[in-house]
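Here's the structure we're looking at; comments come further down.
First chain written, first letter: the chains are A, B, C and D, and each begins at residue 1.
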C-alpha cells in the first residue's frame, strides 16, 4: 500500500458518485459499485474506496476488506498492456508455469507488478475457459493460445513496438 | 418451547430447542473448549463465527466433526466431546494456530491472561508438529491501543465488537486465506481511522493482538522523582473490578484497599474521580436546567435533548460520525478532565506547587481516557491537565510489581479536598448512573424540594436502550439512556428523524458503561461479571451518607473559594470544552 | 422469406472466439455477398460446439460437414468449393487419429459418438443472441406448461421423480431442494443461479450460458414458480464477459417477449432476473459464501443451518442451483421424468457435462450419460493421450477431487462411484495427465490453488492447507522425510474433519488421493530424492554423456554460472554443486550429450 | 414485437419460427428423414441441377415434408444428369437420372411422400460418395 496520496479528477469523482447513485447508494451493491469504479479508474486506490465508503455509508475498513478479498479487484494500477497468464489446471499441465517464468524473466517483474514504464503488468488468472488452447495468455482483450516459452519474446516485442 | 433430549458423553440432557451443543454440554458440566466463541448474553452480544474449530465434537451419524458452538441440538442426538478423533483434531487445530503465532508468551502483555495460552496448556500441547511461515505485520501504536497483528488468531471478536456492537467500523477482516487478518482500512494506523479508542476490541481479544498502551513504567519513574508531586484520581468503576485481579469474586468492592495500595505505591495525594463526578453534575446539571427552562419558556432555538459528555469514546464517536449534532452534547468536560483542571489550578495553588511539577495520573476502566488526556485543548502551555492515564489492569500489575499484598491491606480513605464524593459520583461507573446522578441534583434545584427517594430504579438495568419519564413536580422530563455505541447510534438516528423526543440522554460507549470498559480486568465473555460489578456500584452508592452531588461539602467549598457558581466564567474556562468535526476525509480532488 | 439452403454455423464460444471465429464470420459473409448467395446461405454464430481442441469450428448444414481449425482465409474456399461446387474442403475436415481418415460428418466422429447432449442440447446449434431461434427450439414451452398445466408441487414431484441431482458438485437432489425452499413461508424469496464456476479447468457453465442462456432463464422461472419466488439472480464471474453479454441480451429479449417480467404468459406469475457479479473468489461457489458476496460482503461461508432455503439472500428463503442443473430442467418437464431417469445409473440420472482437458488429444466439452466409463471418455471421446504418451492419471472434481489411475478406468462415472474411488464429480473438470506429470507436484499445484483461494475464516483451511502446501513443497525440493508423509496424512484427515465449508473439507483430497495411488512416487522423492516423472526441477541433475560429447565447448560458453569445465575436444563435466539447473547447456548442445537424471 | 400473453401464443410463435431452423433440426436427425442429394458438379449445374435443387428445397418446405436436401459433387452418371439420390429412412439409396422440375415434382409426390417408385432409376452398382 503506498502512502502517497493521489489526486482524483473531479470528473472521475463525479462519475463515481453517479455510479453509487445509480445503485441507490445501497451498501448491498458494494461489489457492483467496485466493479464499475475499477472500470472508471483502472484500479481501486484508497481515495476511490473512501469516496465509495462515504457514498454507500459503509465503513472504509470494510470496503478495503472486500477489495482485498476478491482477486479481481486491484489497488495497483495495471500496465497499458495487462498480461494475464492462465494458471488453471489445463494450462498448468500444458506448461503455463514455464510461460509465466519466461514473462517474469523478460519483463523483470513479479506477478502483481507493473513495469517501471507502466507498459506491462503481470497477473495470473484461474481458467479463462479456453482450455483447448492451453496454455493461454491474455493481453488486454486479446487471447494467445498454445503459447510456448519461446514465443514470449516475440509477443512482448509486438507490444513494445506499439 | 419444546424440549429436546440428547446424549453427551453418555449423559442424558434435556434442553430447549434452539440450544447449541456447547450450551447443552455446559448444563451438565461438560466444558468444551472454545476460542472464537464469546457470548455476553445479558447484553445480547455474541460472537459465533464458527471459525476457530477448537470446539469441534463428534456427532453420531455425521460425516465430519461439528462445531459445538454453532450446532443446534436435535432430538436423540448422540454427542461425544472427548474421543481420540476429537482430541486429535482439537489439538491439531490449536497447534495450527500456534504455528502462526509468535512464541513470545513470557514477555507478552497477555501472559497469564491469554485464552490461547490457556487452551494450549489445557490441551497439553508440548510441540508444534506443523511449523511453517508465520505472518508478520507492522505494529501500530495509537494513544490508547497497540495492535500487534502477528498475534491475531482471526477469532473476529474485535471485528464484531467494532462493527456490530459499536458500529464504529474501524476494523475489518482483510485479505484472504493465510494472509487474512483483522486490520484497519489500508492497514493504516488506528489514529487515521474512525477508532474511538473505546477499547472494546481490547476487552474481548483472546490474545495479545490488541492491548493497551502501558504507562506503568513512566509512573514508576515519576513516583520516584523527588521533584514531582504525584496525584492520583481513580474512576468509580475501578473499585468494583480491581479486586478480581487479586482473586476476589467479581463485584467485590475494594475502595479502601485500593486507596491504601495507591498510598503504598508512593502517590503524594490519593484522590477520587468521584469528586469530579460530583462537580460534573453541578456543571452539566445546571446546563441541562438552563436549556430546559429556556425550552419550557418557549425558546425554539434551544438545543435539546442535552447529551452527556463524560465518556471520551462517545465524544470521539459523535465527532467522527455525527459532527452535525455536535452542539447538542453538554459542553461539560469529563470528570477526569475536570479533576485535572481543578488539581492543576485550585489544588496546585493550595499546596503551592507549580502545575508543571504536579503530575496528575488517573486510574481508569477505560482506554479512551488515555487519548482524552492528550487532547490539545486539555493542556495549558503544553502541560496536560491530566498527565496520563492507567487502566485498572495496569494498576493491578503495578501493585503486584511493588510487592504489595493487596488482599491484606487495611481499608483507607481518600485524601481531601479532592477525595470526597457522594453516592451520585459513584454511580457514574455504570450505565444509567450519570443521568440518575444528574436527576437527583436537577430535581432538587429545579423544584426546590427534597427527594423522598434518591434511587431511580427506572433508569437502571442492562437493556441497551432504555427510556423513562421522571416527574419533576408536574413537569414530565423524558430521559433516554444508551450504552454501547451501536445503541447510541440508534438513539441518535431516532432523534435526528424526530421519532424520539427526549430532554436528556446519557450515553456510554461501553456495554454496561464504565464497569465494562476496555481497561477493566478481562471478563472473558462472562456477563455475570459485569452484572456483579454493577451491583457493587449501587451498593457503594447506598453505603454513602451523602448521595447527591450538590451536597458534597468540598464541592460547595470549591465553588465558594474558587469557581463562584456553576457555569461561571471561570467554570467555563476550566470545566467546559468544545467539539470538533472529525468526519472530513482527506480526498484530494484535482 | 428467403429459404436458406445452407446454414453455416460458426462457433462463437470463448475458445473459438479467441482464435478469431469472428473474423471467419466476417470473411464468410463477405464471400457470400460477393457471390450473391445472401438468399441461399445464412451464417449463424452459435455457442460452443465442445470440440475446443480443433477450434474454430464451422459446421455446414444440412449435410453436417464439420470443418476444424478454420481461419478467415479459408472462408472463400468453403463458399466456392462446398457451397457452390458441392465439394468438401478436405484439408479442413477432421482426421481420425486412429484410422488417419477424414471424417466429414460430426455424427461419425469419435468425439461426438458417445455423447448425449441434454444440457448442451442447444450449444453449437442456436444463435444465443436471438431468442426466436431458442423459441423455435421449445424455449419457454416447459415454463408455459408448468404455469398452465401443473401446480408447483407437481413440478417439484416431476423433478424429484427424474432423479436430477445438483451438478455443481454436491449432488444434492434438486427436487428435494426446491421442495424445502417452497415449504419455507416468506414475503419474498429468491432463486439464484450459481454461475461462479471456480474450478480451474472447468468451463461448462460458461459454455451453457454463452450457448443457450434461455434454458437457464426458463429454468429459473420454473424454480421461482415452484417455490413462490418472483426474483432471480444470476451470480456470474466477472471474468466471463461474453457470457455476461449474452445473458444480458437474453434477459432483455425475454422481457420484451413477455417471457420474463410481469404476468408471464397471462398466468399472473411474475418473475424477473438480475445479474450479480463475482470478483474472483473460488469459495463463492459455496452457496452461503455466494450469498454473502451478492450482499456486498466478503465471500466467507457461514455455518449451515440455517440453510439458504431457510435464510438466504437478505435473510429470505433462497434456492441456489448451478447453471448445468438448471439447463436440464426444461427438458425434463417437456420430455418427462421417466425419459430423463431412463438415462444414467441407478442413483445418478441423466448426463453430465465434463470439461476434458490436459494431455489429451480432444480437449473440449463433452456430455455423456452417467455411467459412461472413464476409459470411454478418455480414449474414445477424448481420442487418447497426446503425443502417444502413457496415461497416468485423471483428475476429476478439480481442486476438491482426486487423481484416478489406470485401475479406475473402467469405473462407470457417477456421483457415488467417483466418491468411492476417492475422488468426486465436482463441477466436471477432467484433467488428464501423462507419464511426464509428477503427482506430488500435482498435489502441490492444487494445494497452491486452495491456499490462494481459502477465505481464511476457519483455522484448518487458513493455516492447515498452508502447512500441507509447505510440506509438499519441501518434498518436491527433496527435503521431505518419511515423517512428513505421516504428517501429511494426519493433517489432511483433520482438515477434512474440521473445516467449515466444502472448499476446506475437500481441499486435502488431492493429497490423500495421490498418497493412496502414488505412494511410490512420494517415497521416490523422500527417500531416493528423485522425481520419477522428471518434473521437479530441484530433483533433477544435468549430466554430460561422455560418449556423445565432442568437446565443442558450446555448453561451457553458454553456462551462466560457469559450472561446466573440460578441455577442448574432450568430454566436459558439470559441477553439480554450482549448477542452477537452467537447462541452457541442454539447449545449446548439438550432440545430445546432455541428459537429465 | 408483441408480447407473448399465453402459452398458445408461444406455441403459435414457435410453429411460425420453426421454419427458420427446420433445416438445422432436420440435419440433427438425418436418419429419420428423407435425404436427398443433388449432384451439382459443373456438368450437373450446366444441365439444370441448380434449378432442381432450389425447387426441391422450396417445394418440400411448402408441402411440409421434412427432408434434408444437400448438394454433392459428381455422382459419376454424367450421361443422366441432373441426378439426385434419395434415401428414405430404413431404405437403400435410390438414384434418379434426368431429373427436371416435373420429374422432381413427381419424385416428391410419389416416392418421397408415398414410397412409390418412379421411372428413371439408375440401377447401377452405386456407391455413396462420402469421405
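Note that a residue touches a chain if its C-beta (ideal position, glycine included) is under 8 Å from a C-beta of that chain, and two chains touch if they have at least 3 such contacts.
Computed from a predicted model, the values in this text were never measured in an experiment.
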{"item": "Chain pair with the higher count of C-beta pairs in contact (A-C, C-D)", "value": "A-C"}
{"item": "Chain centre separation (chain C, chain D; CA means) in Å", "value": "39"}
{"item": "Geometric centre distance via CA averages, chain C-chain A, whole Å", "value": "23"}
{"item": "Gap in Å, rounded to a whole number, between the CA centres of chain C and chain B", "value": "54"}
{"item": "Distance between chain centroids, defined by C-alpha means - chain A, chain D (Å)", "value": "54"}
{"item": "Contacts with 2+ other chains: residues of chain C", "value": "281, 298, 452-453, 455"}
{"item": "Per-residue overlap in chain D, given as positions that touch at least 2 other chains", "value": "none"}
{"item": "Numbers and ranges of chain B residues touching at least 2 other chains", "value": "173, 175-176"}
{"item": "Pairwise touch network: line, ring, star, complete, or other", "value": "other"}
{"item": "Touch relationships between chains, expressed as pairs", "value": "A-B, A-C, B-C, C-D"}
{"item": "Chain A to chain B touching residues, read off their complex", "value": "1, 5-10, 13, 46-47, 49-51, 53-54, 58-65, 68-69"}
{"item": "Complex interface listing, chain C residues touching chain D", "value": "1, 3-7, 9, 61-64, 85-88, 90, 93, 101-105, 107, 125-126, 132-133, 135-138, 140-141, 144-145, 147-148, 256-259, 265-266"}
{"item": "Chain C to chain B touching residues, read off their complex", "value": "281, 298, 300, 302-303, 305, 451-467, 470-471, 487, 490-491, 494, 496-500, 505"}
{"item": "Complex contacts: residues of chain A adjacent to chain C", "value": "26-32, 34-35, 58, 65-66, 69-73, 87-90, 92-94, 125-134, 136, 143, 145"}
{"item": "Touching residues on chain B, where the partner in the complex is chain C", "value": "49-54, 56, 64-65, 67, 70-72, 85, 88-89, 92-93, 96-97, 99-100, 129-130, 132-133, 153-154, 173, 175-180"}
